[in-house]
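In what follows, subunit A forms one complex with subunit B and a second complex with subunit C.
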Partner chain A sequence: MKRKRFGPSRLSAAFLLLVPYLAFAQDAGPDGGEAPAAYDPPPAAVTHLTARDAPDDAGKHIILEFERSADDAAGAADVVSYEVFRIDPAGIETSLGVLPVSNKDTLRLITFDDQMPGLVNGTEYSYKVVTRDASGSSDSKLDGTVRTSGQWFALGRFNMLFSVLMISFFILYFIKKAQRGEEIYLRPVAGLKAFDEAVGRATEMGKPVLYVPGIMDLDQVETVAGVIILGYVSKMTARYETELEVPVSRSLVMSNAREVCRSSYLSEGRPELYKDDMVHYLTDDQFAYAAGVDGIMLRKKPAACFYQGKFYAESLILAETGNSIGAIQIAGTASPSQLPFFITACDYTLIGEEFFAASAYLSKDPKLIGSLKGQDWAKGVVMIIIGVGAVVETLHVLGVLPFSLQPLLVAG
Partner chain B sequence: MSRDVWTVVALGMIAVLTALTVMFLSWGIGNHSVGFGFWVGSVLTLGIFSYLYKDNPFYKFAEHVFVGVSAAYWIAIAYWTQIDRNLWGRLLPEQFPQGGHEFNGFYIIPLILGIFMLCRLIPSIGWISRWSLAFIVGLYAGLRMYGFLQSNIMEQARDTLRPIIVPGSLVDSINNFLLVVGVLSALLYFFFSKEHKGVFGVVSRVGIFFLMISFGASFGFAVMGRISLLIGRFDYLIQAGTPSAGRASVVVAVIMILVLLIQAFKDKGSAEEA
Partner chain C sequence: MLWKTQIPVAIVFAVGMLTLIQWFVPHWPFDQIQVHTTQWFDIIAVFAVILGGLNLLKLQLQKVISRGRDWPYALVTIVGFLAMMVYGFSPVGVPEGIRLGDHLQANGSHFRWMFFNVFTPLSATMFALLAFFVASASYRAFRVRNAEATLLLVAGIILMLGRVPLGAKMTAFLPHFMQLPTVQEWIYAVPNLAGARAIMIGIGLGMVSTSLRFILGIEKSFLGGDE
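Entry: the complex of A and B
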């Protein structure tokens, strides 16, 4: 009996029968084995990729903008991240960072600031954004190149220049007027009149005067104003031979306050009464300083306490202790959050700008008085802008006027 | 005993306490160091609280420890963050690599200004330190001017440009009206070169009313914050009074009250004798 030969045609037929079987077996699911991985196409690339030099700056800043992938918060909603690359003229790609994706953001436009090291003004750069999902990625490259450059003038801040020039003009104009001897009226401020009274009281009682110039350093305008007022108070203590105690919390303030006190005692002709120790450092720490000043108050029992400068949460601790020892207290600060405490616990409080104006009132210096008058004029201009602006905004909201004044006050 | 002897005794106590603290912490015996911390915390917290009674040795001790430790701490912080890392780290980056900076020759300027400040230690050339002070005050005055102008004038003025009539919202209309009137009248109060009489005086008085109302609201808000701080401290003392903390706060409080009572009776007795 001749055996049938198992030739190539029969082998092919058997293979063709086997393929559907194998396919069926793999599709069978949990019972029938593992299902094949579904084909996951790469995510859609970002679109509308643009790059521009940041305006009005010193350069080395390029702003990139692009729209999210169609698969981010839409479509397949499986985008994992965007990675931004900078490409230099030699074609070297540098990764600038990976932006994670939540797939929930509805804002389509993404802005990316390239201020990373290596960016050189005047060099042409290209950019690439790689969109990734779990299994693949797709690129989007910038059409053309972009270069960054520095500008001499920030045109968006022209309004600031105008404001500075206007305020400076007012101040210089009135300083000139004051220096020519023209009398400038200054309304009375209750707290300032009390300075003499407080030092006089301490002199009569034979007790010291305590002066606290705030807890901040000389980079704060309030501290500088506080040290200026200290000059006036130390002149009085020199004149009346009253003990002066100035605990400070910053080493630079200590040096400056010593200079001020020394020159005050010298100008009053009493240099021998001045001692460096009258201005002494306690600590930089806010509440340790408050505890130290409280201790001085309780032990030395000053008859007059001045708090003139920048204060924070220690203000009430100091003012309450001063109140408990029966001292006459005069505070001055521009910290809005601390003013309520001083108003509550002190006899007199210089509120905000009254505090800055105090040096002009006390010194009668034409320069300071003139600058005070100049500032009043600047305030007048601000009031007019606010008044007119509120009317314009109202008409704008009611549809009468097509424009608003707010953009004029935005400093770019 | 004389004052000097007391000073030596107090310094000795501080030295022993410091040594014990360092010892416990360096041994890293978790529960023991925490327990010791409760004792130190209770002594210092109750010592500061005792000020509410009157000035007393416990308050003095806590105050001096607080001031001294914080002064030393800030000096150390200033040295390691500013002089070591920020200054030397930029002038001699290879020798001081901790800051991770590159060489920057401009830092020679703060170095010179700092040396000028130290000239105060030599009275004959102490005047040189004024240059440093003048530099700092002048520089910051200029820098701050721009910042204040932008944030305190431009931004504030811009935010006040609000419509007084908001269609469909009476509340917003009233709110905006009060805001504009409040800002304008408060600004008028800070006019110094004009007498506050007549209409000017009335409007500036309205301004001070607005200011006082805002101060009252701010006061209430801050007091609430302070009370939460107080609650935090009491919570700590209660925790320190548990058996696991050795009832530190209770023991310390009892000892303090007893000592203060004895002192009060002694003071009363000596006052009567006098």
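Entry: the complex of A and C
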């Protein structure tokens, strides 16, 4: 009997039957369920975990640094997050937050600032960072502890203290000089000289004067400076019996500006001309205020518009509307980004320090003029320091000088 | 004199010195000064808002009653003011299940509807006007009247052209340092920045000097009772 040959076609059929079986056998568990996934070890823990007390603080800030897990290749591997824990002296762990891993992260070193509530000055703390991936986690604990420590003086701000003391010295010195009757020269500032001209023009035309003291509250030094200048403008309107309109965007500014105007009218001997409603509140909202002031301009057509204070994007809206009604406009602000708009749209602009000098300039009070002179001297010293700093730093970068003044000059 | 000037000056001196000290002394209790004084200011400002609101209402009501010029605008202001007050402080227009207070942010409340459908578009309209005002102001600024204005015009054109692809294409044949994007970057980063920093230093010194005048009681006119 001829033995049946186990030919290629039968081999193929057996193979075809075997493949699905093997595949099934790989998927199926011992009990016929799903097979366990390939073993995925937990991620490598972060390394070089260090912690230090932050300098120049109240003892409520600790800075942690650690290097990313070796399994975190800037998001390409499977590390999903790091969670930082603070461990207090009683051993209680507090989660300080989860830092997700991002594809944008390129630096290996991670810095974490612990300024969360609960830190007590003069206490030892430990830290732990948990690295997580899809399958598990691994911890890295700080070796030892770190102690919070508050300082009584911010050493990093020593240069600022020096500057404040220097400016104070110059101001007080020149005030004394001015009080002794020594003549102090002030360079003419066109914008300040134009105050009289603007109010005079409004008087001649029989139109009101509009004064806008900015859109911020009294906690801004620009607003207070604006209210002080209002005092001088209101003296002029009282003297010339010109209508004054002061729309404000903050209630506290309204109260303060009323007091200043009342005092000005009183000092000019015209208290009967003063009315509380000449200073009136519109709204706290920036653009609603701009709309309100624009409306006043278009209805009342003031002959002179003053913008003195802190301004933002509404500056150009106000100044261009004032320009369209043909008013003489004088602006003053310490907002650098708004200065170009005012310079373009207004007749005169008090730039930065001129704006702060306005009250002293207009009052002619020796004490205030002396303070201006002191400010100028301080500016001279600052210019010298900047010049010396630039030369020394350049020589340091070129390798001529071994030291740099940067740590001394950059504020902390 | 005592109440109008001396006591306020003493308060300004005390608060000013404390604020100055806390900047240099980070230790407790000085680290708390800024937090608390800011809160005090906010509390005072909140009460002052009542004064402002009443003043606004009073003036607008006077206009409506006396049928002054453009009185219908005053009427719109009063209606808007009162509507927001009613929707903000009363249960009117508050969806069911939403607590009073939470309704300011809640979908379906009248307050939120008014805010997003009336107030926000009106604010955005005012902001949008800026684009037109920038154009008209630029036109005036760039008119050639003198050497400075001409310099401004040339710098402005270089900056505008240097920041768009057209400028780069126009000067692509020139050496790199003469190409418009390079020149505009230099204008922006060197002369412009130098001028801006000079102004900033002046502003900083002016602020310090003005603050010292307030703290030391040299400048008192902002109190109003100096005369």
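In this text, the second predicted complex is superposed on the first by the 367 of 412 C-alpha atoms of A that agree within 3 Å, B and C clash if a C-alpha of one lies under 4 Å from a C-alpha of the other, contacts with A are read in each partner's own complex, and residues count from 1 in each chain.
By our rule, a contact is a pair of C-beta atoms (placed from the backbone, for glycine too) under 8 Å apart; a residue touches a chain by one contact, two chains touch by 3 or more.
Since the model is a prediction, treat every value here as computed from it, not as a measurement.
Asker: Is A:D114 touching anything from subunit B or subunit C once the two structures are fitted on A? First, second, both or neither.
Answerer: neither
Asker: When the two structures are overlaid on chain A, which partner does A:S263 contact: first (subunit B), second (subunit C), both, or neither?
Answerer: second
Asker: With both complexes superposed on chain A, which partner does A:Q151 reach: first (subunit B), second (subunit C), both or neither?
Answerer: second
Asker: Would you check which partner chain A:L368 touches, where first means subunit B only, second means subunit C only, and both and neither mean what they say?
Answerer: second
Asker: Pick one for A:V410: touches subunit B only (first), subunit C only (second), both, or neither.
Answerer: Once the two structures are laid over each other on A, A:V410 reaches subunit B alone.
Asker: In the superposed arrangement, does A:I228 touch subunit B (first), subunit C (second), both or neither?
Answerer: Only subunit C is touched by A:I228; subunit B is not.
Asker: Which of the two partners, first being subunit B and second being subunit C, lies in contact with A:L398: first, second, both, or neither?
Answerer: first
Asker: One more residue to check, A:L161. First (subunit B), second (subunit C), both or neither?
Answerer: It touches subunit C, and subunit B stays clear.
Asker: Is A:E245 touching the first partner subunit B, the second partner subunit C, both, or neither of them?
Answerer: A:E245 sits against neither subunit B nor subunit C.
Asker: Residues on subunit A in contact with subunit B in one complex and with subunit C in the other?
Answerer: Correct list for subunit A: 160, 163-164, 167, 219, 221, 224, 252, 255-256, 259, 281-285, 287-288, 291, 295, 299, 313, 316, 336, 339, 341, 344, 351-353, 357, 372, 379, 382, 386.
Asker: Under the definition above, what is the set of subunit A residues touching subunit B in their complex?
Answerer: Against subunit B, subunit A makes touches at 159-160, 163-164, 167, 184-187, 189, 218-221, 224, 252, 255-256, 259, 281-285, 287-289, 291-292, 294-295, 298-299, 313, 316, 336-337, 339-341, 343-344, 351-354, 357, 372-373, 376, 379-380, 382-383, 385-387, 389-394, 396-398, 404-406, 409-411.
Asker: Within the complex, which stretch of subunit A touches subunit C?
Answerer: These residues of subunit A touch subunit C: 56-60, 121, 150-154, 157, 160-161, 163-164, 167-168, 171-172, 175, 217, 219, 221, 224-225, 227-228, 231, 250-252, 254-256, 259-260, 262-264, 266-267, 277, 280-288, 290-291, 295, 299, 313-314, 316-317, 319-320, 334, 336, 339, 341, 344-345, 351-353, 355-357, 359-360, 363, 367-368, 371-372, 374-375, 378-379, 382, 386.
Asker: What residues of subunit B sit close enough to touch subunit A in their complex?
Answerer: Touch residues, subunit B against subunit A: 48, 51, 54-55, 59-60, 62-64, 66-71, 73-74, 78, 117, 120, 129-130, 133, 136-137, 140-141, 144-146, 148-150, 153-155, 157-158, 160-167, 176, 180, 183-184, 187-188, 190-196, 211-212, 214-216, 218-219, 222, 226.
Asker: What does subunit C use to touch subunit A in their complex?
Answerer: Those residues of subunit C that touch subunit A are 20, 23-28, 31, 41, 44-45, 48-53, 55-56, 59, 69-70, 73, 119, 122-123, 126-127, 129-130, 133-134, 136-138, 140-141, 196, 199-203, 205-214, 216, 218-219, 221-227.
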